[in-house]
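Each chain gets a letter, A, B, C and D, in the order it is written, and its residues are counted from 1.
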Amino acid sequence: MTVSSMGQPLLDVRDLKVHFPITSGLFRKVVGAVRAVDGVSFALEPGKTFGLAGESGCGKTTLARAILRLEEPTDGKVFFDGAEITSMSDAQLTAVRTGMQMVFQDPYSSLNPRLNVERIVSEPLRVHRVGTERERHERVAELLTTVGLPPDAAARHPHEFSGGQRQRIGIARALALRPKLIVADEPVSSLDVSIRAQILNLMRNLQDELGIAYVFIAHDLALVRNMSHKVGIMYLGHIVETASSDELFLHPAHPYTLALLAAVPGAETGGRARERARRFAPLEGDVPSPACPPSGCPFHPRCARATEECREAGVFPPRHELAPGHLVWCHHPLETE
Amino acid sequence: MNVLKRMWRLPRGRIGICITVAVVLVAVFAPLLAPYNPYDIDQRDARRMRPGRGHWLGTDAFGNDILSKLIYGARVSLIVGLCTGLAVTVVGTFMGILAGYTGGWVDTVIMRACDVIFVVPGLPLMILLANYLGTKFYMIIVIFTVLGWAGMARMIRSQVLSVRSRDFVAASRSIGASKWHIMAEHILVSVSPLMIVNGVLNAAGVMVAEAGLSFLGFGDPTAISWGKMLFEAQSGHALLFGAWWWVVPPGLAIFVTVFGFMMAGYALEEVLNPHIPRRQAFSAMRRQMRKFAAGRGTCATAAVAGGAAAGTGGSRQGGVTRG
Amino acid sequence: MGSGECVLDVRDLATYFFTPRGCVRAVDGVSFSIERGVTLALVGESGCGKSATALSVMRLVPSPPGLIVRGSVKLDGRELLSLSEAEMCSVRGGDAAMIFQEPMTSLNPVYTVGAQVVEAIMAHHAADRRKARELAIELLHKVGIPSPAQRASDYPHQLSGGMRQRVMIAMALAARPKLLIADEPTTALDVTVQAQILDLISSLQEELNMAVLLITHDFGIVRQAADRVAVMYAGQIVEQGSAGEVLNSPKHPYTRALIDSVPVVDAPSGTRLVSIDGAAPNLLDPPAGCRFHPRCSRASARCREFEPELAAVGSDTHIARCAAGGGLRYDC
Amino acid sequence: MSGAYWARRAIQTLIILCVVVTLNFFLPRLLPGSPAEHFANDPRLSPEAKQEVLRQFGLDGPLHKQFAAYLRNLAKGDLGISFTYRRPVAQVIWSRIPWTLALTLSSFLVSLLLGVALGATAAWRRGGGLDTFLLSSAIVVSALPAFWIAMILTLLLAFTWPVFPAYGMSDPFIPIGWSWEFIGSVARHAVLPVVSMSIGSIVSYGILVRNSMVEVTGEDYVRTARSKGLTERTVLYRHAFRNALLPLVTRIGMSLAGLIGGTTIIETIFSWEGMGLLVVEASRSLDYPLMQGTMLIMAVVTVLANFAADMAYSMLDPRVKYR
């Protein structure tokens, strides 16, 4: 759907779906599905960042894991570097996985507390049998320097490091195989405020120096805007609006995007879009469960602009292209000036 | 080596290591240490002697030297305890990892098997099996293993389940690591402290249980064991005659050995899981607070020797099977 | 802003934690005061002692290992630190109420939410159970829980995070407190729910004319909800003043760096962030001199040796703990 | 959801029962040393007599027919005829159960009450003297075999200072019946067995309650309860203790399982003619029908006790039903 005009994208996700079965009753019969990801498409050029924002339970993390095939997609396709990875065998996948890595949210759970940093960072090298023992040792030292840790950190264990340093170790591990793509799932949300900027700047420097593309997932809109070239807003398993970062935040068109913006605290210094957003009624209620999403437009029960049309069962809102690359799935998108 | 050194630094580790090593030495060098051969048949002139010169702990109803029996008895306790501990650890860990990591019907079958073992009352079933299979000590080991692996498997399985959902396993999968790599690098490494500690505690529990079985007369009839000594004391009406030296020494021997193993197990636990908050730290904290409040301490000097504080970790009761 | 009537006055409060590894000076000489109808935001990173400060005010510091070692906490002129435990019980949930960060774990899973609100009411009113239940449903309605009579018989795990936090607020309001302490009330919630909860707290504050001590690490929330701000670092307040003063012209290098290191949603994509080097100090052994000096780009030899005092910077109400000034001054 | 949860638990329980029944049938027939083999190797019996004995005990014919007959008899409550008592096994067992229950129930109540009180007090003043005592006695007690404690108690309190009777269930000169004299005599005889059984379980209940209380008092909702202005008493009873009960319930389920099977050794020492002693007697005299019958009854009681504990747990914890 979103074919880029600048040659082949590095990552191309087409209509990806991940459903988890819901079982019930005596024999655990499947009675439904949690539609965690329900038809997501986007493309990402090499060396760029695609930001995914949305509230908890909107399917961002499942999407990230499905891209790496840590979750098996129910339907849809993922192309990485031109190759379709959704249909690959495990053996083929292993080869492709050198090109794509993941950075996790919780630096405490993502590093095995029983291994030292050397073993953690060299794990990708050992799995893919890269280099000799000695070369791997040197590569680990080099990687640690790259992420701003002293090389003697290699001999220590994760618990001896602070949260920020642990996240650096996680990044060093992700860099070990020189990937083209890193999927970063809320990489700074469990870090202290004063540490976050360190990690974000490190990630950006790595992008500039090594040309790494990121799928950057966060619930904090400011972070997503700051880090991303393109942004997708997710709601209940769907991307409801996507555009280049500044375009999306200056001219939000989906009522949900607007509501999210309006909810960001500290609105005194808001720009024009935020002024408009605040005129909007604040969002009522919680995100519905993805196990039984509202029919029609998934956002209609919380939307001030919803009409009969939006509630119509089985009809997903149509796509509007408001500007080149600015797509919104809504019956009544806000006009952009 | 490193682990032993760190255990030695803890008082309970030192106690545990000393007792265990001493018991092993006694068992190995029993023929050299024992003043008499306890397997000698019927020494008519020396029956039921009170402790005294010649027989430090007296003699039994057949005239055999209690001290010598005590020394030889260490062998059965240790062999049964260690072999069962090892076998239970190996079988239980294997089953636990298999169930936890594979999931599906394998998990169901293994866990239901554990359920069945759990609902059968332990000692009566042991007696029953001992009846069918015989009471040679290797059979006793088999019986204890058959009944003992389930507890270990359950514990390991729940640990595997929690490890499996951690992000570092996802990270490992995302770099393309195989199932076997993940099991070896992450799962095994993560469950091994639990496995080792419970193996040791299990060995201690088995020694108590073995003594119980022997005490009922279902032990190996040809071997001298502490439980059997108590059985003989009971059936020989030691209590009626006030022959305390038939009762007290074997009981104390069991207690000391089991105690040593448990101490070693708790010390191991502390060494292998250094990040578990220690329970005994509470008393140390209380002391420091009282001192501070009384104006006798300052914040600068309030550091408490945390790991060295004496106390016990009572949390592992579940690992010990009582007779 | 406020009526000028001081509700909470904290002076030189210090709370230490006696851990096996040594004595942690989590709160080390903190002073502030809040007037009726005013929100004071206590801002800082995790481990800076802001939660320990709040718990000390309520005398809820777990002991052992925690101990309030000195200072004074006056609520409406009444010294809390010298009250008996029984007297303190009537203050907690009476004149001073508190809500916590994790609405998931802060409610007892084995009782219905209605029962937990009723319990809070009955602890302070000699009402019979039926009356208390009516009152509880009224409270649940007031905090915006739809069909409160039915929700009252739900267990906490049947409610969403936002709803649970509303229940917590309902419990806190049971006795119309004069002071509400909110310890990171929205950190565990989604941004849209966070906005609802912040709105709720501020409208209730207006209605009941409460003083609010809002603990947060998010300057966005401070900007939205606070009248005055106190920034904490390593167990001490390093800057205090009106929200406008602190946010728009921060005087302490830490405050300034903290504000600049956080991206703003209105700044264009790709804006470079200012980062603070290093990590927060270990409070077992805080650095000598100014506690921020190892991470401060402007630290001088003086900063490494002498611990600066809080001193007025600019206006009367704006104080900062930086080598620039001397002397100690409080407001209120 | 809750109905399905119960149905699933009930079916699991049924499956376990079926497995237990099946094992109970096949174990004695397939293992070496089984009754059939035993009779076949007995030189004193003529071939005809052997056939007759096998037929009498349902051991002849093809296995599946034997199994069908076994199930049929089981459904009628017929557990076979005991070799030694020459009476139906069910009758023998029924006559023994009250005696065992008298011991186990009183020990259960004593240890539950004392253990909970001890544990709660220790947790309340954690790090204090009682806490330290509880933690250190836990390790000592679990290293001591219960039967040795029993022997030492008997030695001291029945022989050295004859306060209580050493064995038996009542004074032989008092007629059996519901007279105060008889009940008093039984109570006096029960003191030593109950005390020796209870020492270990008091401590283990105590530790369980203590650890669980310490854990619960660190929970956020206990802090919430305090912040509401509830008194320390209310906080501890309504919030901390109520939640700390949950692991205790599981544990009680496990001990209820031991109500008729967990007293083998104690009954042997004190010649208390209950189920435990019955198992030992049956094993010693190779009374196979009796052995099978006792095992079956014990297993069934355990399964039902576990089921009951699960039910109690789900009533105390509203989260369970929605799993």
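In the analysis below, contacts are C-beta pairs under 8 Å (C-beta built on N, C-alpha and C of every residue); 3 or more make two chains touch, one makes a residue touch a chain.
From a predicted model like this one, the values you see are computed outputs, not experimental measurements.
Engineer: According to the touch definition, list the chains common to the neighbour sets of chain A and chain D.
Structural biologist: B, C
Engineer: If you count the contact pairs for each chain pair, which pair has the most?
Structural biologist: B-D
Engineer: What whole-number Å value describes the gap between the mean CA coordinates of chain A and chain B?
Structural biologist: 50
Engineer: Let me have the rounded angstrom distance from the C-alpha centre of chain C over to the C-alpha centre of chain D, please.
Structural biologist: 53
Engineer: So the centre of each chain is just the mean of its C-alpha atoms; given that, what is the distance between chain B and chain D in Å?
Structural biologist: 23
Engineer: Identify all positions of chain B at which a residue touches two or more other chains, and write them in rising order.
Structural biologist: Residue numbers touching two or more other chains: 282, 284-286.
Engineer: Hunt down the residues of chain C that sit against at least two other chains at once, touch-wise.
Structural biologist: 64 - these are the residues of chain C that touch more than one other chain.
Engineer: Please give the residue numbers of chain C that touch chain D in the complex, ascending.
Structural biologist: Contacts found on chain C: 58, 60, 62, 64, 85-86, 89-94, 97-98, 100, 102, 105-110, 119-120, 123-124, 155, 157-158, 168, 171, 174-175.
Engineer: Of all residues in chain A, which touch chain C in the complex?
Structural biologist: 55-56, 162, 164-165, 192-198, 200-201, 219-223, 225-229, 245-246, 249, 259-271, 274, 282-284, 286-287
Engineer: Residues of chain C touching chain A in their complex?
Structural biologist: 45-46, 160-163, 190-196, 198-199, 217-225, 257-258, 261-277, 279-280, 295
Engineer: Within the complex, which stretch of chain D touches chain B?
Structural biologist: Touching chain B from chain D are residues 12, 15-16, 19-20, 23, 27-28, 31-34, 126-128, 131-132, 134-136, 138-140, 142-148, 151-152, 154-155, 158-160, 166, 200, 204, 207-208, 210-211, 214, 257-258, 261-262, 264-265, 268-269, 276, 279-280, 283-284, 286, 291, 294-295, 298-299, 302-303, 306.
Engineer: Touching chain D in the complex: which residues of chain B?
Structural biologist: 112, 115-116, 118-121, 123-125, 127-134, 204, 208, 211-212, 215-218, 230, 233-234, 239-240, 242, 244, 247-248, 251, 254-255, 258-259, 262-263, 266, 279-280, 282-286, 311-312, 314-315, 317, 320, 322-323
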